[in-house]
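Okay, so chain A shows up in both of these, paired with chain B first and chain C after.
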Partner chain A sequence: MSLADLGWAILFLPLISFVITVFLTRSRPKLCGYVTIAAIGLAFLASLVVLVRVVAEPVGTAAENQASYNWVNIPGLTESLTLSLGVAIDPLAAFMLVVVTGVSLLVQIYSQGYMAGDPGYSRYYAFMSLFTASMLGLVLANNLIMVYFFWELVGLCSYLLIGFWFQKPAAAAAAKKAFIVTRLGDLGFLVAILWLVFNVDPAGPNGLNIAFLNEKTTLDLIAGAGLTWAALGIFAGAVGKSAQFPLHVWLPDAMEGPTPVSALIHAATMVAAGVYLVARMFPLFEAAPDAMVVVAFVGGFTAIFAASMGLVMHDVKRVMAYSTVSQLGYMMMALGVGGLVAGIFHLFNHAFFKALLFLGSGSMIHGTGTQDMREMGGLRRAMPVTFITVLIASLSLSGIPPFSGFWSKDEILADTLGGHGNVLLFALGLAAAFMTAFYMFRMMFVAFGGSFRGPATAQGGHTSGHTSGHAIHLDQSHSAHAVGAHESPRVMTVPLIVLAILAVLTGFLNVNGWFGGLLEEGYVVHFNYGVMASSVVVALAGIFLAYAVYGAKWISAESLGRAFGPAHKWLTNKYYLDHLYEGVITRGAVIGICAVLSWFDHTFVDGIVNGVARLVMAISGGVRKAETGRVQAYALVIFAGVLVIMGLWMLGLPNSVSGWVAKP
Partner chain B sequence: MAIGLDHFLVLSAAMFSIGLVGALSKRNAVVILMCIEIMLNAVNVAMVAFSRYVTPVALTGQVFAIFIMTVAAAEAAVGLALIIAVYRQRQTVDVQQIDLMKW
Partner chain C sequence: MPYLTIITFLPLVGAIAIALLLKRDDARGIKWVAAGFSLVTFLLSLVLVFLFKTNDPMLQAQFVERANWISVGQFKVEYFLGVDGLSLPMVILTTLLGFLAVLISWKISLRPKEYFSLLLVLETGVLGVFTSLDFFLFFLFWEVELVPMFLLIGIWGSGRREYSAMKFLIYTIVGSAFMLAGILWLYFASSPNTFDMIALGQGSVKEGANLIFLLLFIGFAIKLPMVPFHTWLPDAHSDAPTAVSVMLAGVLLKMGGYGIIRICVTILPDAAKYFAPALLILAVIGVLYGAAVTMVQKDLKRLIAYSSVSHMGYVLLGVAALTKIGLVGAVLQMFTHGTITGLLFMVVGLIYDRTHTRQIPELTGGLAQRMPVIAAVFTVAGLASLGLPALSGFVAELLVFIGVYEKYQLAAILGASGIVLTAGYILWMLQRVFFGEFNPKWSDLTDAVTVERVAVFTMVVVIVLVGVAPAVVLNMVNTAVPTIMARLGS
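Here is the complex of A and B:
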């Protein structure tokens, strides 16, 4: 089988399982789970084969490993545009395939335990299959239209899965929010695609082919301000999907979905799609240096901005959501300063350790029946496996050697000091690294340290309102266990262990530049020992501070909060951005515009429609009086008509009328 | 003066006009029916005259006259039946009063 054929197989396996789970096995939930796991397992094996082949032999570029089929032909005035469906395989796609199928497989296995007994079990697996298929399509797509197509499909799956427990109003609202906020970014992406359609030889056989767009000759042709705007448009799509500032607001709310969903979609794969897209179009971005600067600064700012909000959250999933936003910012920053390898390497490592963190937090929630870390405590004894694996992930995320996060994060920081870098970006990255270490170990000390507090003891702590406002998923099976924390079943802990092993090991892939060499020709790994030392010191400082406040309690968290009162208030309210969006943009601008549009609609649009109807009624009201019901009046009109026609016929005028009546 | 085609046509036109005026102005439905019969017969006269003077060999016009008579008989039967039905309903045959199907 050629690589492209394998690509099609990988794409269709989860799609087939989606069809099967929806139409055939829906009434048998267990079977749905097994079908999904089998399909994704096969896709994972195929992805491994693809990766091994890409790594083992020189397989050529993406341009040579693609298979396209014409999909739609749009005729134009002078030339027609053909849209095709096709897959392309290169090392970048091969690594993403393994990440997506691998994490998806582990999450599906884990879900067998986490979702056990849920009434929507079949629906859950159907959506997860569809999501995996869409994500694989997004990774494999060889042209921008197909990317866009699957881009929206993953957005749809995200919507369906965030709102999985749609009977909870918070979940339904979060699903809507995620869908609408990401759509704002997608608008930019669509505009960029359209610009490219009109500016890059649309009639050519390549159309919107990514490999073709990334060629130097194509880029030289369209270079200029337009290209910069196109790059920014694509980046706007990435900002929405990867939850970058200012469109990051949906991701923390997306935590209303089931925890495995958060692990797969909102940590490891879908939110990384934005980073992947920028990496896919990297030559295009490099041809637009101004756009690169925007990418770098949006990423750097998001990294520190999200990390600062993570400092004060009490909901473990929200801490991790902000952490995800922050880490995605890191990746964007890396890409913005030209560090393609660093960014993708971080994406790769992050996928595993962040999925692990989410699955670990799912295990904590499963074991304690609460999402508030203040209601946990002492879990290191009650849940040893979860404790060890989450500890590994936290160390990795904090950038402590030799865990994977250390290697990629240091590479990003080193790149910010490189050619396209900026000391300011380095400072942002370092500050974010400090905060990351602090909030992760805050969670570790509060949730795993001390002794179990249980949901009842923490009731008084619900003063800030933002956690209680988002009522957590406390269904029967979960709350029943709230009496005492317990370890999760093996079906949940085994994926944790596998991911923990990966979180330790994947960092070593690029020690000798192996990973980077596959992605970028002529890549040489270089260690900046100064950066390494500073980032480790900063991370250790963050951990130490967390220990001082939450472990040893030398400094009380309350007094710290009081000392930074206004800042603390800003952070717990998420910089009031939700208030801004909700109050000013939604209430003010949108409803204001709606009022104007509504008035216009009622006055003009309805006026025209009703006016036409009234006019017709008025005319017909007059004309219908001609229908008197008297046969003799009708006969008279007929006679008059005959006279008129005969008169015209005799006069021979006009021709068009007399033409009807054949002349002798 | 021999009687020619013109005489028949004038007779036909006169009959048609009489019938038309009657059909348009009379109020009694039965009289209107009779006027229509006059108009049909005016056509018959013209048909036969044309047949006789223009195409004496072909009998098309004469055959059509027979057809018209047949149809006229049927029409008279249906028309009278309708008039009787209307009369039973409304005790009148005045077409000015029978104007329910308006507007």
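Here is the complex of A and C:
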């Protein structure tokens, strides 16, 4: 099989399992799970084959390994248009395929435990299959139309899975919010596509082919202000999908979905799609340096901005969510300063350790029946496997060597000091690294340290929210099964262990420049030991501060909060951006304008119509009285009419009327 | 074989059969006869798709049937039927929705004999509009459709049904009056003097082209409906029975778009170019204004009606750009809007049958838990409406945007921004009606029954099919556009 054929197979496997779970096995939930796992497992194996082949015989560009089918075809000598669906495989796509199928496979296995007994079990696996297929389609796409196609479909799956427990009002609201906020960004992406269609030869089959767009000859042709706007349009889509400021607000709310969903979609894969897209179009972005600056600063700002909110959240999943936003900002910043390898390497490492963190927090939620870290405590004894694996992930995220996050974060920081970098960006990155280490170990000390603080009689509160339709506060109907917390079943802990091993190892892939060499021709890895030292010191400082406040309790968290009173308030209220977006802009401005227009429509547009009708009725009522039956009166009216027409004629009016209508 | 005559008049034959042969109280028999006739009509129209030649773009019309009908001196009216790539998709849409409208009316108990007869007469009227190639015949069919619509809304409607029926009738007749004036003027102003729409589409108009264009356009714009002539639509929809809403949104509005393309643009291309910028502005206003007004509607049917105003704005937008891709997009948008909005109205009907309300604040309360199938179908239709890829709306809107962007970038961007508003009102509606905490007052509700499932699943299949493989419609549409573009001189 050619690489492209393998690509199609990888795309279709989860699509087939989606169809099977919807139409054939819906009534047998367990089977739905097995079918999905089997399909994604096969896709994972195929992805490994693709990766091995790409590594063994470097293919260079995407141009050589693609296969397209016409999707929309408007033939003709002029104004013809061909939009195609096609796949292309290059090292970047190959790595991404392995990430998507690998994490998805582990998440599906884990979900068997996490979602056990849920009434929507079959639906869950159907949506997960559809998501995996859509995400793979996005990764494999060889042209921008197909990227957009699957870009929207992953958005749909995100919507469906955030709102999976649709009976929870918060979940339904979060799902809607996620879709609409990301769609704002998608509008930019769409407009960029429109611009590209007409500025790159639309007639040829290469129309929006990514490899073609990225060629130097193409880019030279379209360089200029237009290209900068197009790049910014594409970036707008990435800002929405990858939850960058100012469109980041949907991601923390998306935590209303089941935790494995958060791990797969809102940590490892879909939210990284924005980063992936920018990386895919990297030559195009490089041809628009002004856009690159925007990418770098939006990323850098998002990194520290989101990290600051992560400092004060109590919900473990929300901490992770802000952490994800922040790390995605890191990746964007890397791309913005020209660090393609650093950005993608971080994406790669982050996918594993962040998925691990989410699945780990899912295990914590599963074991304690709460998402609030203040109600946890002492989990290191009750949940040893979860503890060790989450610890590894936290160390990795904090950037402690030799865990994977250290290597890629370091490369990013080093790149911010490089040719296209900026000391300010380096400072933002370093500050964010400090905050990251602090909030992660705040969670570690609060949740795993001390002793269990959860409700002793948690079992009594066991709820079955799905069936009774009552609102439930928890992520799931999970509650503590016995007094205190308990470790999760093996089906959940084994994926944790696998991911933990990856979180230790994947960082070494680029120590000798192997990873980067595949992505970028002539890539040489270089270590900046000064940057390394400073980032490790900063991370250790963050961990130490967390220990001082939450571990040893030398400093009381309350007094710390009081000391930073106003700042603390801003942070817990998420900088009031939700108030601004939802209260002022949406409910105030948008709905207000719509309501005014609706009133206008009813009162004036329809009012005039009805008014005219009433006027006609009134006039006919009056005119009716003229119908007297006296012939003399009629003759008089006819005579008057003739006089009027003759008068008009003599004034020359008919000519001017026909003169008006004759020629445009 | 006179396919088009058979297809056009088969529903009418069914109507006559029901009226003459069946007993008033034989509701079962009436329904089956209506379903049978409309199903055969649909299947026959599918046969046309397979016989339709897509490889010869110079072919003006296919399945032509032609005979002298009225001949007074020079004044000659023909019985002249034929379809091309523009009208055939509309014919399919009409026969499909005609059949499903019967299925979705299965629970009608008030005077079923009259109801189903009128429904079938309506179908013949609309089919006649799409198959006529004689302008006079076209106008006759255009008027024929009014009578059953008026009666169906006025008798089987709800709420202020008489007001709404009358408003629909008067509004459309005012439009028809302008149109008739335009038709007659066109007859005398054109060379040759003829009602033959193909000949008109090749000939030229001596004088007054702009005024003729306006007269005809007003008739079509009211039907489309174009802002500001749209206020009859929400009233008609909110008081019409379900099947009539389906036909109204699904195919009757398309008569407006069809007329604009077939007549205004093809016969009067210079006038079309002259007015295009104005139409473009009105279209953008329609898209955004319609979407904004939709956002705050509380009645589900009014909500979908206003969303139709917005989505039909895309049709006008695609046409007004006068580009090939825009035209193709507009025709595809007519087809997909027919299926999507038809489905939306069907599902609203199913909800109304069960809850006896269409007010969103009253419905609020997790209906999805009692009617998962209805909720799922409504979600699919809603997603199609907001232009989700793999469903039919996306392709059509994308083509409209591309086609408009070619000439008018700002209009395309403004039009495209409608997709954000659409996502807003669709998802907000779904959230309020189906999701959230369960309201115990809906405990006794039931999900869709078999006949309803057949109807809605058929629509879902069509929506997915066109979304995944748009070629099934595009191959037809592609054959019609070169002729029109040639008229426009490009």
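Note that in this section the second predicted complex is superposed on the first by the 570 of 664 C-alpha atoms of A that agree within 3 Å, B and C clash if a C-alpha of one lies under 4 Å from a C-alpha of the other, contacts with A are read in each partner's own complex, and residues count from 1 in each chain.
We take it that a contact is a pair of C-beta atoms (placed from the backbone, for glycine too) under 8 Å apart; a residue touches a chain by one contact, two chains touch by 3 or more.
Note that the structure is predicted; figures quoted are calculated from it, not measured.
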{"item": "Partner chain in contact with A:Val631 - chain B first, chain C second, else both or neither", "value": "first"}
{"item": "Touched partner set for A:Ala172, first chain B, second chain C, both or neither", "value": "second"}
{"item": "Partner with the higher number of touched chain A residues, chain C or chain B", "value": "C"}
{"item": "Chain B versus chain C as contact partner of A:Leu597, first or second or both or neither", "value": "second"}
{"item": "Partner chain in contact with A:Phe639 - chain B first, chain C second, else both or neither", "value": "first"}
{"item": "Touching partner for A:Tyr148 - first (chain B), second (chain C), both, neither", "value": "second"}
{"item": "First, second, both or neither for A:Pro75, with chain B first and chain C second", "value": "second"}
{"item": "Touching residues on chain C, where the partner in the complex is chain A", "value": "167, 170-171, 207-211, 227-228, 230-232, 270-271, 274, 289, 292-293, 295-297, 323-325, 328, 366, 368-369, 383, 388-390, 394-395, 398-399, 401-402, 405-406, 409, 412-413, 416-417, 419-420, 423-424, 427-428, 430-431, 434-438, 470-471, 474, 478, 481-482, 485, 490"}
{"item": "Residues of chain B that touch chain A when the two form their complex", "value": "20, 23-25, 32, 95-96, 98-103"}
{"item": "Chain C-facing residues of chain A, complex", "value": "70-76, 78-79, 81, 83, 145, 148-150, 152-153, 156, 159, 163, 166-169, 171-173, 175-176, 179-180, 183-184, 186-187, 190-191, 194-195, 197-198, 469-471, 590-591, 593-595, 597-598, 601, 605-606, 609, 613, 658, 661-662, 664"}
{"item": "Chain A residues within the chain B interface of the complex", "value": "624-625, 627-632, 635-636, 639"}
